[in-house]
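Please find the structures below.
Okay, so chain A shows up in both of these, paired with chain B first and chain C after.
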Partner chain A sequence: MFLLAPAPRFSTVAPGLLNSDGQLTVSLPILNIGTADAANVRVTKISLGSAVRRSPAGLPLPLGILPVNGTASISPRFNTTGLLVGGKYLLSVQGTYEANNLTSGFAINRYIVLPAPSQSPVVYLKAHVDVAVQPGIWTYTIFNDEPVGSTQFIALFSLEVGSPFTVTGVPVGWEVETDNVSYALWVASDQQSPYPHHIPPGGSLGGFQIQSSKIGSESTGYLVAAWNHQLDQAGLVSPDLVLSPGKSV
Partner chain B sequence: MTCTSSFLFSLRVSVGLQLAKRSVKILTLFAIFGFVLLAPKSISADPITLAPSSASLNTTAGGTVIFTGQITNQTGVPLSALDLFLNFSGFDPAVVTIEQLLGDPDFLLPNNTFSQVVNLYSVTVAANAPPGTYTFDVFIQDVNDNFSNSVTVSVVVSPNAVPEPTTLLLLITGLVGTRIAHSKLRRRS
Partner chain C sequence: MQKVSSLFKRVVKRPATPSYKLAKVVSDERAIDVDGKSDRNDVFDGITRVLGSSMPRRQALRISFMGVIGVALAEAGLKTAWAAPECLCLGRIYDPLVECCTPSGVQRKKNNPNLAACPNKVVNPEYVCKPNGCGAEGGTKFPPTIGKADFLTCCGAPGTSGAGSHDCCWGKCGNDRDNCDLLFLACLDSACQTAYPGSGIIESIKRSACQQAAVAYYGGVSSFIATSAYESAQSGGCDCCAESTCAQTCLGGSCFNAPSCDNDFGCVCFQTVEGTGFCHRGQPCSTTSPCSSSSQCPQGWACVSVTCCGPQSICVQPCTVIGPAALAFETEGPTTTGF
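This part shows the complex of A and B:
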């Protein structure tokens, strides 16, 4: 008989699934059922059969420390094009962690059944953010994906950042607030209707830029918020993930 | 022998018998306890059991190997291969990439049965992987959150085989000799 060295072990529980607007959102809890804490857990690959992943657009996705019996959750989104309702597809998540002064890999798998399409319980703004990454420079472009005629005009972009940075790009008609460490908040500076610098439905705006001494990227959260031009009040929001200067890379 | 000494003698015999019985009981308990402790682990009652066909496979840098094995279902309910999920940890992420194959194709695994030998997962080794032994842990989880035993397996990466100069020389000499002999035979005929 011999004793095994304490080590993390990863598993999953049944995920939450939402098939809406041609996309499948999977809320997947990841558990450490092992006998040692896992530090610096990072997801490096997420796939669902042959489905195209919409979010997170870039990896790695840092999950931090996963203690023994601890749980972290990821919420990837996939296009449902080519998938059949009721079909079973293999969801695979791979990544790395640190334990016993060693960086190791993990891979967890789960077959999931594609549910029938349904209405999302929460209505989100239809928008997305693209990023162009050059060494030490991250440049963001915001897209308002609302249908033409929508009253939702984008007026705010908030970005979570994992390491010190400076803002080097602010679009004309916008202003920025930042602590240069953890967040940057760009806001359209229009004070009165017709708010000419808001991003209209179907439109896009680039030039949101930051620089950092960190070369590597990792996925962090962002929020895009709209102003309802018809009601002249705060509108819908769209939270998601995008690459920014990495904390650990 | 007096009445008192006779009484004492019978008392001693009675106490001795009781002590002997108690000793037998204690020895029996020790034997059972020892058996439980030393019994092989294979009799442990995991609801799912993962038995790989081989605990170690050989390949070269850039190669892919497929681990096969059998799964035993004692969960109390029938399962299909699509209800079974393989989880891995402890591998070198710069060298090893692992993909679950179990479930393709699907098959049924009734309760209290074991599967045929099936493909479980593939392991691809990086093209620049240095020779060595790369280990990792794997276990099965089912859709009802039952877990199998954790198994440690390994991939042994051997150096790419390069023919030694002497072997090549022998091979070339043999080929030339064969060619000459063939030509001589043809001339004679």
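This part shows the complex of A and C:
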């Protein structure tokens, strides 16, 4: 009689697809249909044919523990330039996980058909964050990609961090709130209109910096939020992923 | 064709009694082999019934011998190949331990992403919610905290029971998705207000940015793009059906004496070379091909050794054929079932 050790087994189902604003967002559930929990699940490669990946910009992407019968979702975004509506493209996801004191690899491949463009169910702020990584130092630059004339001015940047860190860079006119373990939140210090230190449409601001004893990076979540200068109230937000000190690397 | 018609009438008129009795005894044997606990007296009761039936005695003894061997193997802690649970569902064999018979056919019991095909879905008794944090179900990954506002508890923190979390709400079989999503929004909004209750402009920017993130997160998870993630979560929390025992089973007979499947006299049960039952609709021997295992046969077909086509093992078609029409009795000559 042969006894097989309990082991995770990865699977997926038809992903959610959104073709909007020249980008394809794929909401891909990853299921553990095996017999053991998978720990320290990390996605190390995501591709869709030859399409340029917009998010996550950097890998690995940690997914944590994926329990038996559990599901984790990833949402990579790709430029649709060069892709045809109705065309069939291979989505490939690779990664690693730990089980039974072993680190193993997994791969998920699935063909998807590019849907026709449609309206996004959520309107996000047009913005992105770049990071320059040196050993132990992560420096972020925020870009406001709203068209000139937009009322959306960036006033806040919140970053998820996986390891203990210290904030070593705060742009002039901004202040920071942090627990030095899991998050840093930078916010413009302006007290009243015209809020001169908010990042205007088409503008950018660098100098958001943290340091950590961890050398490796992994993709973590961030949020950029705008203030609507016309209405003098909260504006749109832009969540995404960016590299920060890794929890497990 | 005239000959075919007359043969078909013979099949219809053929008394079903021997087949029924055989199937019943086989069913008893399987119950023993599957759980290995039944009283062996049941087997010998079954043997007695078979010997008292109108079945050919040689076949009855063969079947009985198989049952005795099965018990012996069960006593030794082994399961016989022909002991695997085999039930019938719309003419197809299925294993009730891992599959369900639904109006649309056989469905996977566990982790079935197509729960819409499972009208009798039930809570998976083995399911335990183990949340895994703030994911990207809505097409966008949100951080688990916005400053000190804790979104993680609302999503479902890893290593916790996740009580009241979105992960566990989605995972509980039968939970209403809209309700889960609204509870999620309320939880996120509350986290923002708790973290930043003040009234200054900086505090207001932090709180309102957090609340905007909450609304955007809710917008994502409640949208169509998150539907596959919701269905995946439900597939873990639900079984396609409850524990069931099959009403109809199938064990292979022999040439001219194969039990019918699902009371369809044109559909009879043969035993595959792997030892499992297979519901087969007779076909001309000339349309078969030799084989040594079912993997060598077309998809959905099986390799059987005892047919009316001679001693060699051959690939035979199922009763329910998906795709091209079943091979009919269009040609002269012997057939797999002898009719």
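What we mean here is this: the second predicted complex is superposed on the first by the 248 of 249 C-alpha atoms of A that agree within 3 Å, B and C clash if a C-alpha of one lies under 4 Å from a C-alpha of the other, contacts with A are read in each partner's own complex, and residues count from 1 in each chain.
The rule is short, and it goes like this: a residue touches a chain if its C-beta (ideal position, glycine included) is under 8 Å from a C-beta of that chain, and two chains touch if they have at least 3 such contacts.
Keep in mind it's a predicted model, so treat the numbers as computed, not measured.
In the overlay built on the shared chain, the residue A:155 is in contact with chain C alone; chain B does not reach it.
A count of residues in chain A touched by chain B and by chain C gives the higher number to C.
Judged by the touch definition given at the top, the superposed model places A:215 against neither chain B nor chain C.
When the shared chain is aligned, no partner comes close enough to touch A:52: not chain B, not chain C. Of the two partner chains, chain C is the only one that A:237 touches; chain B does not reach it. In the overlay built on the shared chain, the residue A:11 is in contact with chain B and with chain C. Look at A:107: by the touch rule set out above, it reaches chain B but stays clear of chain C. On chain A, the surface patch touched by chain B in one complex and by chain C in the other comprises residues 11, 13-14, 33. Listing the residues of chain A that touch chain C in their complex gives 1, 11, 13-18, 25, 27-29, 31, 33, 37, 56, 63-75, 121-122, 124, 155-156, 158-160, 175, 177, 179, 182-183, 185, 187-192, 220-223, 225, 227, 233-237, 239-241. Across the complex, chain A is touched by residues 82-83, 85-93, 96-100, 103, 136-137, 139, 141, 143, 145, 147, 150 of chain B. By the touch criterion given at the top, residues 77-78, 110-111, 113, 124, 126-128, 130, 132-148, 158-159, 171, 201-202, 205-206, 208-209, 211-213, 216-217, 219-220, 223-229, 231-233, 235-237 of chain C touch chain A in their complex.
Within the complex formed with chain B, the chain A residues making contact are 7-14, 33-34, 44, 88, 90, 92, 94, 96-97, 103-111.
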